[in-house]
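Worksheet for the structure shown next.
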Amino acid sequence: GFAKVDHHRALRNGFPEVVFCQGKAKEHIIEILTNLLKHGHNILATRATPEVYEAVQAHIPEASYSELARVITVLKEPILKRGRVLILSAGTADLPVAEEAAITAEIMGCQVERLYDVGVAGIHRLLDNKDKLNDAQVLIVVAGMEGALASVVGGLTDKPVIAVPTSVGYGASFGGLAALLAMLNSCSAGIGVVNIDNGFGAGVLANSIIRAIVASEV
Amino acid sequence: GFAKVDHHRALRNGFPEVVFCQGKAKEHIIEILTNLLKHGHNILATRATPEVYEAVQAHIPEASYSELARVITVLKEPILKRGRVLILSAGTADLPVAEEAAITAEIMGCQVERLYDVGVAGIHRLLDNKDKLNDAQVLIVVAGMEGALASVVGGLTDKPVIAVPTSVGYGASFGGLAALLAMLNSCSAGIGVVNIDNGFGAGVLANSIIRAIVASEV
Amino acid sequence: GFAKVDHHRALRNGFPEVVFCQGKAKEHIIEILTNLLKHGHNILATRATPEVYEAVQAHIPEASYSELARVITVLKEPILKRGRVLILSAGTADLPVAEEAAITAEIMGCQVERLYDVGVAGIHRLLDNKDKLNDAQVLIVVAGMEGALASVVGGLTDKPVIAVPTSVGYGASFGGLAALLAMLNSCSAGIGVVNIDNGFGAGVLANSIIRAIVASEV
Amino acid sequence: GFAKVDHHRALRNGFPEVVFCQGKAKEHIIEILTNLLKHGHNILATRATPEVYEAVQAHIPEASYSELARVITVLKEPILKRGRVLILSAGTADLPVAEEAAITAEIMGCQVERLYDVGVAGIHRLLDNKDKLNDAQVLIVVAGMEGALASVVGGLTDKPVIAVPTSVGYGASFGGLAALLAMLNSCSAGIGVVNIDNGFGAGVLANSIIRAIVASEV
Amino acid sequence: GFAKVDHHRALRNGFPEVVFCQGKAKEHIIEILTNLLKHGHNILATRATPEVYEAVQAHIPEASYSELARVITVLKEPILKRGRVLILSAGTADLPVAEEAAITAEIMGCQVERLYDVGVAGIHRLLDNKDKLNDAQVLIVVAGMEGALASVVGGLTDKPVIAVPTSVGYGASFGGLAALLAMLNSCSAGIGVVNIDNGFGAGVLANSIIRAIVASEV
Amino acid sequence: GFAKVDHHRALRNGFPEVVFCQGKAKEHIIEILTNLLKHGHNILATRATPEVYEAVQAHIPEASYSELARVITVLKEPILKRGRVLILSAGTADLPVAEEAAITAEIMGCQVERLYDVGVAGIHRLLDNKDKLNDAQVLIVVAGMEGALASVVGGLTDKPVIAVPTSVGYGASFGGLAALLAMLNSCSAGIGVVNIDNGFGAGVLANSIIRAIVASEV
Amino acid sequence: GFAKVDHHRALRNGFPEVVFCQGKAKEHIIEILTNLLKHGHNILATRATPEVYEAVQAHIPEASYSELARVITVLKEPILKRGRVLILSAGTADLPVAEEAAITAEIMGCQVERLYDVGVAGIHRLLDNKDKLNDAQVLIVVAGMEGALASVVGGLTDKPVIAVPTSVGYGASFGGLAALLAMLNSCSAGIGVVNIDNGFGAGVLANSIIRAIVASEV
Amino acid sequence: GFAKVDHHRALRNGFPEVVFCQGKAKEHIIEILTNLLKHGHNILATRATPEVYEAVQAHIPEASYSELARVITVLKEPILKRGRVLILSAGTADLPVAEEAAITAEIMGCQVERLYDVGVAGIHRLLDNKDKLNDAQVLIVVAGMEGALASVVGGLTDKPVIAVPTSVGYGASFGGLAALLAMLNSCSAGIGVVNIDNGFGAGVLANSIIRAIVASEV
């Protein structure tokens, strides 16, 4: 058919291929999801509009939906949560991306804590939560506009920091470019950056780090 | 001749036309400076290389030079310093731009305090100096790379903040574009941004604010 | 909850956190506004569509709306106007941004005068109003297309000039980029530039300068 | 050989192919110029370094050179000047480009007047010369930085205006991009723009307009 | 009021201020047009949607509309056509811009000939019409995609050529940027370029050249 | 009329002018198609919306439509298929572009094989199909996001590879720019790149190569 | 060691790995070339400065050098030329890139004809050579500035056209970007574009097409 | 003084502030290094030219230098290597960046394995080394040109992948932008990207992941 679902991926990466719904026809999405479900794994589909969810749910009644994060999940196996991932957001407009990261990390088996709306315009909100930074094993920083939160967090911790620029802003933000460039040029060394609005990618990277930690614990 | 020196400017703006040396022949620079000196004002020339200074000094022995800031000054009138301008820099590589701002503001009559190398990668260096922020009437923040210092300073003060992005950085800094975009998109509202590496412009704007303050005091 | 309203801000900056409505759910906006109103301050919410206003008004009947400027205001305290801010616009299409600046400066306590549609294609319209330039303490110049008005105004005055590029234009204006670059590169030194269409930021910066003037008057 | 000199051009365009020296070997330039001279026309070569001129002069002793404009000329026929072209420049750093335009227009047979260093930061310098604008048949405006001079001149005249952005500036001028975009977006309608630093092209266009005027006079 | 209509313009430029409808409220447009009509001149309004035209016509019944060119015209004075302007387009998708140029030039008093759909992919269509190129006094070339038509026309004629890049295309045309850059870098020297899709500006420039020709004829 | 259909093209290129529907009025499209059909050739129209197809079909009932590829075809002559073109796509979201290429190549007379959804995230899907690569004479690689598939295919084959970047992606894909730049910079030398989403152009180029192969076979 | 020379490539692609000298130390280049020579194949090294050649020749005396094309070649096997590749250039400044393409195609076994300096500013130079276009099996068009030559050639032939944008130009050519975008957006469908200044890549692609032609002849 | 060395950093991040030499005066570098050495830690200075090293060595004789990686190191404490970091490079021209990453990770205490010159143009070189991918805990992929190696590696492993785009390339690589965008848009989810040529940042991020692994092992 039109799709070659990568069934090896659950073996290689510990989680089956995630469906990127944007630009796909509803029937295609349903066909791929149905195909994936046959293997009994948990399922994640990102960038799903409410209309897509409605169509999916008609075929897969157990499918859940986060309207904020625009993700569909189907739980077939129990999730064993391990690791400690902290997700910070600069503003409330960054929540959809932060939640996409959170749900991705969670369904892949991470324990996730959220610390939202702690942007640098009121930096005491972040400084009051230093203990949360210390408790985490991996941090995800989600920020639009000028993305300065990533640099400040990076300066306060020695943990791996994953930065997600968002398209929140207007004018010279150029759809998230300002935050992206800021994060790539951070004076706090050692921040790993993912694509604009790519909460999914940040969740996957956080999970791969947690996997590496857990693997070595054994 | 080739140049129409704007002699009205000392009247309109309180300081005569400043000479931008980049891309001008030495003889032209000397001719313009000599012309300006006839009016008895203090003189400022920016973007001057050591070679330009050497040529100028041969004709105008009282000319001084800051190699770091690349500016030539000639003092003919005493400067009455008023106002309190604080200039912050993120790193030591931003010093040439910070000093260009400082010398510009000083020769135009501002009292300038410097707080250098307080970038957000080690934010305690800034937080330890909050009193300096409180004492100032105008703040100039000079930063390259991701320019996050401007947002953090803007969040800590209610004073006018002038942000100067610098070309310090490499790769996706794109010659200062990353810092410029960050400052324009700052989540700390009300920051006035000048061109990349434009310490001179920041000094002029700071001085115009100090002038407005002093004018209303009378 | 999802939002950490920065209640310190009224103390730090003299005005409480302003709500940026773009990209926020109506319920979130209402929740944040209601939360802010408890402290008895005046309230400003920008980038509000008519639909957002309708929803807000159902909960906060005393809320006012400027459809042109797309801002919601709630007045709880009398405003003591001080200072003299002049707002110029190049064309009539720049009015939404100019009015956002004007209402922002006014609710924060500035006296605002407007001089609209004085673009450089008919420069006599500006030159006939030089007395207004002289009377002001701070000037805000709002212009799209090539943004030349900022440079001409900057050359005519020694007051602080804040330039706001707008997205008015098409083709190679690239959403306001042409005006933004022009203002950053102005040959009239000392202009502070804010983000494209950021009337709000210009109003805040003007107010911070007026605050500095008033503070020193005492 | 390597070059197919376009000998038809003198017939089609009234002036033979102009040699663009940048990126050509000296021997090639000399070979092309010698080839062109055989037809007895006047010759123009642009973007010539002093080294190129030296090499050319050894073979063609009657060749002249403008170091400022970086052009080589060889006069074989008398030039009959007609038409009135006015060339304005914003600053003295724009002179090389303005002179390239002037010499190009002159060798093609235009009468050229120069009005240099009349940028908008001191707009009285331009307003004092309105009669020169009125006398001209075609105007060329040469400006770097934010290029605002083109808009102001365009608003003051009904003559054809040719705008030449220059690479004078730094930072967010991006090698002349700021001035180029400004000129393309001018609110003064009907300005024809040429490439950054392309004084040559402006001279050619001015000459083609003068040719059209003269052609209709007969 | 909100608008300072530039009534001098009819005197300065031979045609009153043209109304740019994009981004203006219908009432504003009607108010400005009504205001302009009082002076008895012909009127041009560009970038008008059918809805705008409908609203205008309700108040100004004699208003005409070109849906293709999106322009409204009101004829109050007879037009004396003089000069010969040739407008070429590369494809049929460029017609809206070509017609905006044509109607602008015509209402300002130019005789206009059209030569459409002669793009370089089938170059014989252009070469078969060389006589039309020879007959014209000014040429306007309208082309999207790679804009090569401007260079080919420029190489075939010694008349002034005005190039209008259009946003016709997709992908790496980047909204007309590809054609704009091509026209600015044309190897056929002396082409004056206007903004992307700016048929209006091309018409104005063509008219100013025709005016200069006519002025010298007397 | 408004259009100069290039009837020579069937002779020059072996297939008549293809209609690009985007930005054309329905009546214009119908007029051009009807005009082309008179010559008895097969017809191809690209970028056709379902509404355009509906209007076309009302006049030309034998017209077919691929909703996925957005192309209309009218078959008047039998197609003699020759050559072996392999079309690969990285993901299922790239199908519309891949099918535009496939239908274009087929109607021009190529035999086309499809190998879809073989992106490098699961590279075994490609490596398992090496025999298909070996069997083809020309390969078309269609990929969005980072476009890496083109480089990997280019490294596995010595056949001509045509790369089509697609606009599939978001954020820093900048509408397909990321894939376009990747393909242009491929470390696998000798890949010919067409515009973003230009499946049509890839099909034409593949066909011209097949034509050259067939021409030499005789 | 530091390099894993891809010795399979001669088998896969019919020619061994080509050495890209830019950014490599002389010793590394010599080591890689010596390594490659052991297999008895002909050798090509691109982007070699005269200094690199001098160092190479000291170790490999039979190495030849084209200073214009900046390529080193070592011939160990006789070259059997087949196929007909025509290389066109727009100007003489494009020769280095055109020659890089020519030498690459030749050493890989193609017969190459050159048609240089036939840019569209004097289009008769191209039209006079239509027979050369007709004789070729593959065409390579090398052009800087606005790159219009590719579109005109593409409109005149049904053969595969490979377009190479060059960095010849200045200002808004942005290092070849203008020509690159023009070629990607060509209205002459089916042109395969390679990277700016990538004569090497064009030669490889031309050769792969000739290989496909020859393979099918057998 | 001019610098506020961040002595807390060794405590916060396990390694003292690293000196970025680019754009700093030699005396400043020596002063900062001397200052840091007083605390007895190992020292790392990046982007150091041979001249800088020479000056440093005169004051700090025990300083070592990697000319390839442009880094200076001073070892004062023994390094306890733990963890397994694999660094892959696409070409030999990427070695300076790969080595900067390697030396950074090593001095911070990581065990580093190198797998260089395994770009996707000859993909068997990578596929032959799958065991090395399996053995690592963290992978760093260094690639210029189109950066495809990161996607292929990301598809083959479930370990955290850090991607470093390099400026290796020319033309439309735009100084590494092509590789950067490719890596950000990788279809292999969960790759953390650092700035162009930022081997240092990749080394720091790898080390922070190894630290997190080691911390949880205890």
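Lettered A, B, C, D, E, F, G and H in written order, each chain numbered from 1.
The rule we apply is simple: contacts are C-beta pairs under 8 Å (C-beta built on N, C-alpha and C of every residue); 3 or more make two chains touch, one makes a residue touch a chain.
Please read these numbers as outputs of a predicted model, since none were measured by experiment.
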{"item": "Reference chain E; chain at largest CA-centroid distance", "value": "H"}
{"item": "Selected from E-G, C-E or B-H, interface repeating A-B by over half of its contact pairs", "value": "E-G"}
{"item": "Separation of mean Cα positions, chain H and chain A [Å, integer]", "value": "26"}
{"item": "Between chain C and chain H, centroid-to-centroid distance (C-alpha), Å", "value": "45"}
{"item": "Centre-of-Cα separation between chain D and chain B, whole angstrom", "value": "35"}
{"item": "Per-residue multi-chain contacts in chain G, two or more chains", "value": "91, 121-122, 156, 171-173, 177, 180, 184-185, 189, 195-196"}
{"item": "Pairwise chain contacts under the document criterion", "value": "A-B, A-C, A-F, A-H, B-C, B-D, B-H, C-D, C-E, D-E, D-G, E-F, E-G, F-G, F-H, G-H"}
{"item": "Complex contact set, residues of chain A against chain B", "value": "90-91, 119-123, 145-148, 151-152, 154-156, 169, 171-174, 177-179, 181-189"}
{"item": "Touching residues (chain side chain E, partner chain D) in the complex", "value": "12-14, 18, 137-138, 156-162, 180, 184-185, 189-196, 200-205, 207-209, 211-217"}
{"item": "Residues of chain H defined as touching chain B within the complex", "value": "2-4, 6, 8-9, 17, 20, 22-24, 28, 32, 165, 167, 175-177, 180, 195-198"}
{"item": "For the chain H and chain G complex, residues of the former touching the latter", "value": "91-93, 95, 116-118, 121-122, 124-125, 168, 170-173"}
